[in-house]
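Order as written gives the chain letters A, B, C and D; numbering starts at 1 within each chain.
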Amino acid sequence: MALDKNQIAQRIAQELKHNTYVNLGIGIPTLVANYIPRGIDIEFQSENGVLGMGPFPFEGEEDPDLINAGKQTITTLSGAVLFDSATSFAMIRGKHVQITVLGAMEVSENGDIANWKIPGKMVKGMGGAMDLVASADNIIVAMMHTNRQGESKILKKCTLPITGVNCVKKVVTNLAVLEITQNGFKLLERAPGVSVEDIKNSTAADLIIEGEIPEMKF
Amino acid sequence: MALDKNQIAQRIAQELKHNTYVNLGIGIPTLVANYIPRGIDIEFQSENGVLGMGPFPFEGEEDPDLINAGKQTITTLSGAVLFDSATSFAMIRGKHVQITVLGAMEVSENGDIANWKIPGKMVKGMGGAMDLVASADNIIVAMMHTNRQGESKILKKCTLPITGVNCVKKVVTNLAVLEITQNGFKLLERAPGVSVEDIKNSTAADLIIEGEIPEMKF
Amino acid sequence: MINKVVDNIEKALDGVEGNMTFMVGGFGLSGIPENAIDALSKKDIFGLTCISNNAGVDDFGLGLLLKRKQIKKMISSYVGENAEFERQMLSGELEVNLIPQGSLAERCRAGGAGIPAFFTPAGYGTEVAEGKEVREYNGKLHILESALTADFAFVKAWKGDTAGNLIFKGTARNFNPLMAMAGKITVAEVEELVEAGELDPNQIHTPGIFVQRIFQGEKYEKRIEQRTVRTKE
Amino acid sequence: MINKVVDNIEKALDGVEGNMTFMVGGFGLSGIPENAIDALSKKDIFGLTCISNNAGVDDFGLGLLLKRKQIKKMISSYVGENAEFERQMLSGELEVNLIPQGSLAERCRAGGAGIPAFFTPAGYGTEVAEGKEVREYNGKLHILESALTADFAFVKAWKGDTAGNLIFKGTARNFNPLMAMAGKITVAEVEELVEAGELDPNQIHTPGIFVQRIFQGEKYEKRIEQRTVRTKE
């Protein structure tokens, strides 16, 4: 069965290593914070100027001066620190933030990502996404495998204006875990109960499939 | 009679306008702070990271964590602020510091200055001088008119490695106040009792002399 | 000490004119100069270029200026959450220059720091890079971005003193310190204005040298855009 | 929270080797990482490249490493006040790269901030500009300067917490926050180490993300180079 958004987040949480700084994008990526395994120390950065982000505040304790990049009210944990936007992107551009998890509208087999613009329809702006994808060595995309029209978001080449080139390392969708290799998308894992054939049918790009493809473990 | 170092500083103090930020170099420039007229609000910046510098501390109150760019112990005044070296030079390069007063070994008629190196003999480094002279719109040099060998430091062209080009606006020496114009050094004022002829004799560069040259007033 | 205090909002805005370029601090609605924006939205000045990470919402923040069509051009990184903005942009009434958020921040800092241009990897290979110089460093392609400055920068801090020194709170800091550096005239509004000497000189975020005018804002609504909470178990 | 505390100076210096590039914070003798320098001066590592605004004095600060000829190359802005330094430089034993102080600061920040190069007016027309690209901006000539990074950055703060967050005091801040950003491994020593959560998150100068190791220094001499005082009337 295909994963729901929370399960995608849960699977991505397994990718996060002990003692790393992580930036989570808006949407599914935000949910990743709920699934960090015990014993794994992670600090979450939000590009509007906070490191050491904690959970949402209790009702009545919201502080308008304390939000994340999705403009949601947040809290901070022990050891947190606040800073301006230039310092924030110094952390990002300078590769001090080691992992970025973000959503996408399209990902191509050479690791290009598109997630900021649909010409003539939707232009919200790239926000910090272009800086993030141009910087971190480890960029993981969290998204549904297909769009609302049922079309594959895993493509040979992006059709929308791109956010960054050759940057995505891994994609976790409701159907599969894919790694981006020099030769294109390599299928690493299947969602429980989803067959390789199902994944192939939902994927516009070619898939490298070597040996038995295991199911994701939770 | 030629001015002493304190009088040079005193004359330069007259150049400082109300509500300006000023960087004073090592040596004679440091003395300028002692002669700010009443009613003129000036804030002194030191490029190692302080704005709102005050007088030297009273004996026993020296703080090793509070020094100026000459490594001298200092104090701070009300409204002072401390910052890192990048922020300090952002102030300087960004022209927020409006006036720079510094010493020189040579000044040329096109406003070049040399004050950081004597090849083969002395190399202490430029410190912040190259940033300062490349930045402020108003650069005033405080120096003796001649060197220890009696040679003019006011030249057609610098002989020593330069610190900056086309940057000096005014020179105040023990003999004269000179402005640097498009056509070279213009004599503005004489030290009390020093004749135009005396100044000409001590100056290697040509001087533009228009009309009666007044004595400096203190 | 150089005193930066202006008596009222009118004096704070003295000299603003149509067709000027303004920087406006804040991220979303957090840390925006509410009082300056409100006063600007009541002035008959038009043709403005606004540099601001966001464009407010329909009825708050820069949305107030957009509604009156005072803004000719927006230079921003993210402009969702504003239907009127989207309408003006898609209809071509409003010129929009979208740039990556980190580049926006760095370009403002550069403008204030006398750095006319710098290389960044952000945006390489995208629309953002069109017409920009590309150069390889450390095996990676970078584009050359230029500094931004403004006729006026409007920023908002938590506390400030009469010398113009500013302290920000939480993530309301965001672009404010950088835009403060880059304004030819920087107007800072604060929730609490204190005498020079009352703030710890080690703990100031924006040195007063970057601020030309300071005043205490009359009131702050501090609207929350996305109220998200958890419930106590 | 990611814990950055190391138990002792030996663990703090783990991995340092000859021929590495070190950044060393401080201006003059103010804010220098005294404990790290002392320990490095006792190690048999040679051929070092040191990036530091100054070179210490004959018997303190980086002067200790110079005396043992551990340093092959200095990248600095001002190196007066050190006779042994001058001797080694003039005799050609020591390679010296002198750069303007503001460019040094900005190049360290750039190295930490992923900005590989930037334009600055400082040094145009001088020896410093030799071989560097020149470009005109706003009617003024600028030179292209590149980022600096280091294998290790040694910095010194007043207070720090277990998450690596640092607060500096007075002008002892200077280059420390910038070098902290630019070290592949940044080792911070502090006068007082506290638990994470004890420092106000709004008042931290160097976020812990820039610091890989932190320890409380055993003792600080904090030598004054130019004791200048006035007398009470």
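A few remarks follow.
In this section, a residue touches a chain if its C-beta (ideal position, glycine included) is under 8 Å from a C-beta of that chain, and two chains touch if they have at least 3 such contacts.
Please read all numbers here as calculations on a predicted model, not as lab measurements.
Number of steps on the shortest path from chain A to chain B, with steps defined by chain touch: 2.
By the document's definition of touch, common neighbours of chain A and chain D comprise C. A comparison of the B-C and B-D interfaces places the larger number of contacting C-beta pairs at B-D.
Measuring from the averaged C-alpha position of chain B to that of chain C gives a distance of 36 Å. Averaging Cα coordinates per chain places chain A and chain C 28 Å apart.
Each chain gets one centre point, the mean of its Cα atoms, and the points for chain C and chain D are 32 Å apart. Of all residues in chain C, those touching 2 or more other chains are 106, 109, 113-115, 120-121, 168-170, 202, listed in ascending order.
Each of the following residues of chain B touches two or more other chains: 82-83, 86, 89, 92-93, 135. The chain pairs satisfying the stated touch condition come to A-C, A-D, B-C, B-D, C-D. Within the complex formed with chain C, the residues of chain D that make contact are 106, 110, 113-121, 135, 137-138, 142, 146, 167-170, 202-203. Residues 46-50, 55-74, 82-86, 88-89, 92-93, 112, 117, 120, 123-131, 134-135, 161-166 of chain B are the ones that touch chain D when the two sit in their complex.
Note for the complex: chain D touches chain B at residues 27-31, 53, 76-81, 86, 89-90, 96, 98-106, 108-109, 120-128, 158, 168-178, 205, 222-232. Taken in their complex, chain B has these residues touching chain C: 19-21, 41-43, 45, 51-52, 76-83, 86-87, 89-97, 135. If you check the complex, the residues on chain D that touch chain A are 1-3, 109, 111-115, 161-163, 165, 181, 195-197, 201-202, 204, 207-210.
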